[in-house]
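This structure is in structure tokens; I'll ask about it shortly.
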Amino acid sequence: MTSDAPKALGQSLLQKSLRKFRRDKFGMAALAVVAVFGLIALGVKAGLFCTLDQATTPVGDQFVKPFAAYERRLPDGTRAKAVSVFGTDIQGRDVFTKLVYSIKQAFAIGLIVSVLSVLVGVVLGCISGYFGGIVDDALLWVYTAINSVPFILWIISISYAFGRGFTGVVVALACTFWVGVYFNVRSEVHRLKEMEFVLASESYGASKWSIIFRDIVPNLTHLIFVFLSLDFIAAVKNEVLLSFLGLGIAGEPSWGVMIANARLDLLAGKWWEVTGATVLLFILVMAFNMLTDALQDAFDPKKVG
Amino acid sequence: MKKQTLALVAAAALAACAKTGGKPGERVLEYGAVAVAGTSDPNQVASMYDADLTGLVYDALYDYDYLARPFRVVPALAEGMPEVSKDRRTYTIKLKTGVFYPDDACFEGGKGREFEAKDFVDALYRKADPKSKSQTWWLVDGQFAGLDALRKAAEGGKDFDYAAVLPDLKAVDRHTVKFTLKRPFPQIMWVLAKEAMAPYPLECARKYGEDFANHPVGLGPFRMLEWDKNARYTLVRNEKYRESLYPSEGEESDKAAGRLADAGRRVPFADKVIVHEFSQTQPYWLQFRAGKFAFGRVPGEFTEEVFKLKSKEGNKKIWERDAAGNRILTEDYAKKYAYYPLPLLDLIYRGFNFEDPIVGGLGKGKKLRQALSLAHDINEENNLFYNGLNIVYAGIIPPGVQGFDPKVKSPYHGPDLERAKKLLAEAGYPEGKGLPELQECGSEDARTVEQTAFFIKNAEKIGVKVRFEGMRFAELSKKLKEKRCQIMGLAWGGDWPDAQNFVQLAYGPNKSPGSNNYNYDVPEVNKLYEQALPMPPSKERDVLYQKINARILEDQPFHGSMARTRDYLIPPDTLNFKPEEMLSNHAKYIRLKSWGEPDTWGTKK
Amino acid sequence: MITYILRRLAAMVPTLLGVSILVFVIFNVVGDDPVYLYLGKNASPEQIVSLRHELGLDKPLHVQYLVGMKQLLTFDLGFSMSAKEPIARMFVQGIGPSIAVTLPGLMLYSGIAVLLGLVCAYWRGTLIDKFVVVGATCGMALSFVAVMIFAQYFLAFLPSQKGLQSFPITGYERGFFTCLPYILLPNLISCFVALGYDTRFFRAVAVEEMNKEYVRTAKAYGAGTRVILLKHVLKNIMIPIISRVVVAIPFVVSGSFLLESFFVIPGLGYKLLHAIESADYPVIRTFTMLIAVLVVVANTVADILNSMVDPRVKLS
């Protein structure tokens, strides 16, 4: 037997999981929705659907109702009759454009935060779980400290300290979310460490790092997927919360800013901006929730049989 | 079964929320504020809302005449107007006798003692004591040589010498105060009328320490009964309140509105005052509309609901107006309320840090500032964010104070993109080339963010890039005080109704950490200001101030300016209410019709 | 048991030390200086220096940290510069509203969630189950902020616009009965938002339990639905239920940040948020430490309860 064997085992597990996942109708539907959102986000990033400039330039008078006729301001300064898609906001910017642009924002925050926190969590979790000793004690100490205060408090505190804006939001969320990944990875590594294939690799004299990367990390796939998905949702939802507290992204539209800022407008009967953002956010998070469930079902080694 | 009980509890609870208030027969005055008071310590008064509370529980030596406009100062704890020396530096003030503090545990035996001249001096000593962390020291900073020296001596953690007797600020006898100013300062009467200058027993401030902020012991018309921080404070009538009578003179409009019916009656009329504090406008507004409050202010977002809109031209709202030029209430509101518009003495401006190497100075920076002002459309800003209701004016002196000249127009009033681009090129940045991204500081609330975004868009039109840094108030204050903001959107609310309080914002020595947050410092302006400082409001002073104003308009250390108008709605049950935000003790004068005629308090001696 | 509790208490020390260091770093090294906020619009340079001295902000960082810790340990909580109140009083005043605004909701949604979880588990795979699961997922997908905004708009604002008696828009009155109208809506909202998570959790727990041998046996012996659910399953899933509720209690104290600031309820969350906004470190320090202690204690209690309900759970 060579040290390739466990990898092969991992692969077959992965294939099995993928097959199981493909059979999950809800999961596939959720994936499709996420994919559509993702494509739009990519498109926005590439400047296809709308640019930041378009999302922040007034196109008409303030507070035009959805589907109402209005005079659209064209880039050359003239005006033309048009029908609004989803109304305009306080400055006369197109709400639909803002909503679409915000998809990119949501993905930017969701992806950066989830990738960062999963990366940090997995690396530290592996180190902690595999090497043990002082490093493990120290990391566990930090974990316990962070974990014994509700996350929301850390998120608010850190983003206050770092200041408003994209960086502040990302730093605050990533600094807090990694601990969940860390602890789960650590316990999983503890379990894997005692597994036959790891012991085998060790007896073959494979280096510790190669064991971590070749034997252990591939077996964390399910955790990684699930946490990427979970942290993505949590990041997008927390962005709304931070915006509500005045700590969101400045200068660029985002669902959080739209929901938080349009609160006053809603009371004055201008319902479209906050509703649009809420609905889109709902669809995306719903899809991600279902996707997480499906991933959990399909990739959890305990359930794949 | 379970569900049923739940529903019952809910119903009972909902019924209970109908009305708070007092015992039957008690005359309770309730109103709301869209902000939270932090302190009632005259030493710490920082916001208008602190002042509103402090003004009800403390009495100063002087007070604003409740009805007179233009404003007039009248004696409160003082017996009469001060006796002023020829050189206008020495003031002798006789105080009322037989005025007693309310009973409080901080007095010997718990009985309130008589108010004395020493209390006024002690209160100023406490302001000067660095250990007391006073927020209101600036009111007297630099006015009395002796007090300045005492403060200096106590700096660096040393004990303040409360026993010191100063020649230029002292109690001559038990009921006379005498002080000498370093130089004549005609605004001193406004200062003496401020809540923050109210006397109080030093022993009480000492006994309660920092908690004195929550435990006022003053001579005001009301006493603190209960303060649920961030929710409401409840005051009761101070039974020992000195005799204070409702004014018997006022403007023509006061007579017409029935605000003189109670002339000569003893105030206050209310037994109890409950002030509900809100941190958001909509609940405030709904509670007002539910009939809970004796008066209300219309929040901006509900303006369209309250006033008749004639038409819209683009974003410009054209309001229907009556013969006097006031807006008209919609039928629903007209049935229930009277409308009282109150123009505020406000300066809303966007400042440029005068010490900044790029936007500051009198060279390239000046052209850049002028270009940015020309690129901006302040009228549209007014339309978008203030329903077009602000008064846009030129310069530093707002309408409503003597010295304001409506004929003055700003030479850099935008939008004029052609001229802006030309000036930008002259500044050395054709189409913005070579100009780094500029930074604007502001608070992080939703409206400020939107408003700044609008300016940023306008700056972009001539190729200038501006980045917004929204921050919470602590950080903003720090950045401003450390001169680390390039551009800043700010507002100044007047401390007293005199042009000096606004013009001082352009005085060099007042720059950060003082009130001149944009650090404008031009020798000529400083000289003019110093020349005008000892002058009472007069034609001569107006000329000097207009010179300063013209220079500011040319240099554009800030662009603006706007002043808000506050819309007050008054239900018919509320009598005697005359809105004015320069003074803070309306509750003393208000009477509700539903209370019936004023009781014996109103007539007895 | 006693040694176990002692050991857990001892383990609390390093944890609290970690929390205090993290909080200190965030607010004193990264965060900003509150001095300017306290001095108002006309501050002079001398005033700034003297206030910094007064607050001890001119001392080296480690000294600042140690001084703060000493104050905490001697229960000398001090005075809040931003709230202008003794910190101890802030806590006493704030705890009541915080509990009122979240604890009933917590009880309510835990109860409902257990019920729904049992129902789903029993009728697993049927329409009822699917309906509840989808509903729970929907609830989880809603943004808390949006729920608050819309609930306030539709349940409180619109009815009162129309002159109907309804929930108060915001506010709070102290007193057991007088506070009821004010806390109803916030509790309903937290209930609505949290229900999804808990239902799914308890459903999973119950499903696992339903698959066990004894349930099948009971079914085979013809035991009624009610008996199986309430007598056997519920009894056996008490452990996860209790520990989840107990562990959630500390969040009652702090987790109501949003509700309290949105509905202007002067609870701990609201006060803490204000303190964070004004960089009032002494307040933040005290509150976070208290919350951390609560969390640790709650976890310990949950573990002990678990061991009492189920002797199979060992305290280690």
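Order as written gives the chain letters A, B and C; numbering starts at 1 within each chain.
Following the convention adopted for this analysis, a residue touches a chain if its C-beta (ideal position, glycine included) is under 8 Å from a C-beta of that chain, and two chains touch if they have at least 3 such contacts.
Note that the coordinates shown come from a computational prediction; the quantities given were computed from them, not determined experimentally.
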Among the chains, which is located farthest from subunit B on the basis of C-alpha centroids? A
Is the C-beta contact count larger for A-C or for A-B? A-C
Cα centroid separation, subunit B vs subunit C, in Å, comes to 39
Nearest whole angstrom, what separates the Cα centre of subunit A from the Cα centre of subunit C? 24
Between subunit B and subunit A, distance of the C-alpha-averaged centres to the nearest whole Å: 46
Two or more other chains touching the same residue: where does that happen in subunit C? 32, 157, 261, 277, 279
List, in ascending order, every residue of subunit B touching at least 2 other chains. 282, 472, 475
Residue numbers in subunit A touching 2 or more other chains? 160, 260, 263, 267
Residue numbers of subunit B touching subunit A in their complex, please. 281-282, 301-302, 304-305, 312, 314-315, 384-385, 444-446, 449-450, 453-454, 456-457, 467-472, 475
Show me the residue ranges of subunit C that touch subunit A in the complex, using the header's touch definition. 14-19, 21-23, 26-27, 30-32, 137-138, 140-146, 149-150, 153, 157, 250-251, 254-255, 257-258, 261-262, 272-273, 276-277, 279, 284, 288, 291-292, 295-296
For the complex, which residues does subunit A have touching subunit B? 56-58, 61-62, 90-92, 160, 163-165, 246-247, 250-251, 257, 260-261, 263-265, 267-268
Going by the contact rule set out above, which residues of subunit C touch subunit B in the complex? 32-48, 50-51, 53-54, 79, 82-86, 90, 93, 157, 160-161, 165-174, 177-178, 180-182, 184, 261, 264, 266, 270-271, 274, 277-279
Over in the complex, which subunit B residues touch subunit C? Could you list them? 9-10, 12-18, 20, 38-39, 41, 44, 46, 130-131, 133, 135-138, 141, 155-157, 209-211, 213-214, 228-231, 276, 278-280, 282-283, 286-287, 289-290, 472-475, 477-478, 480-481, 513-515
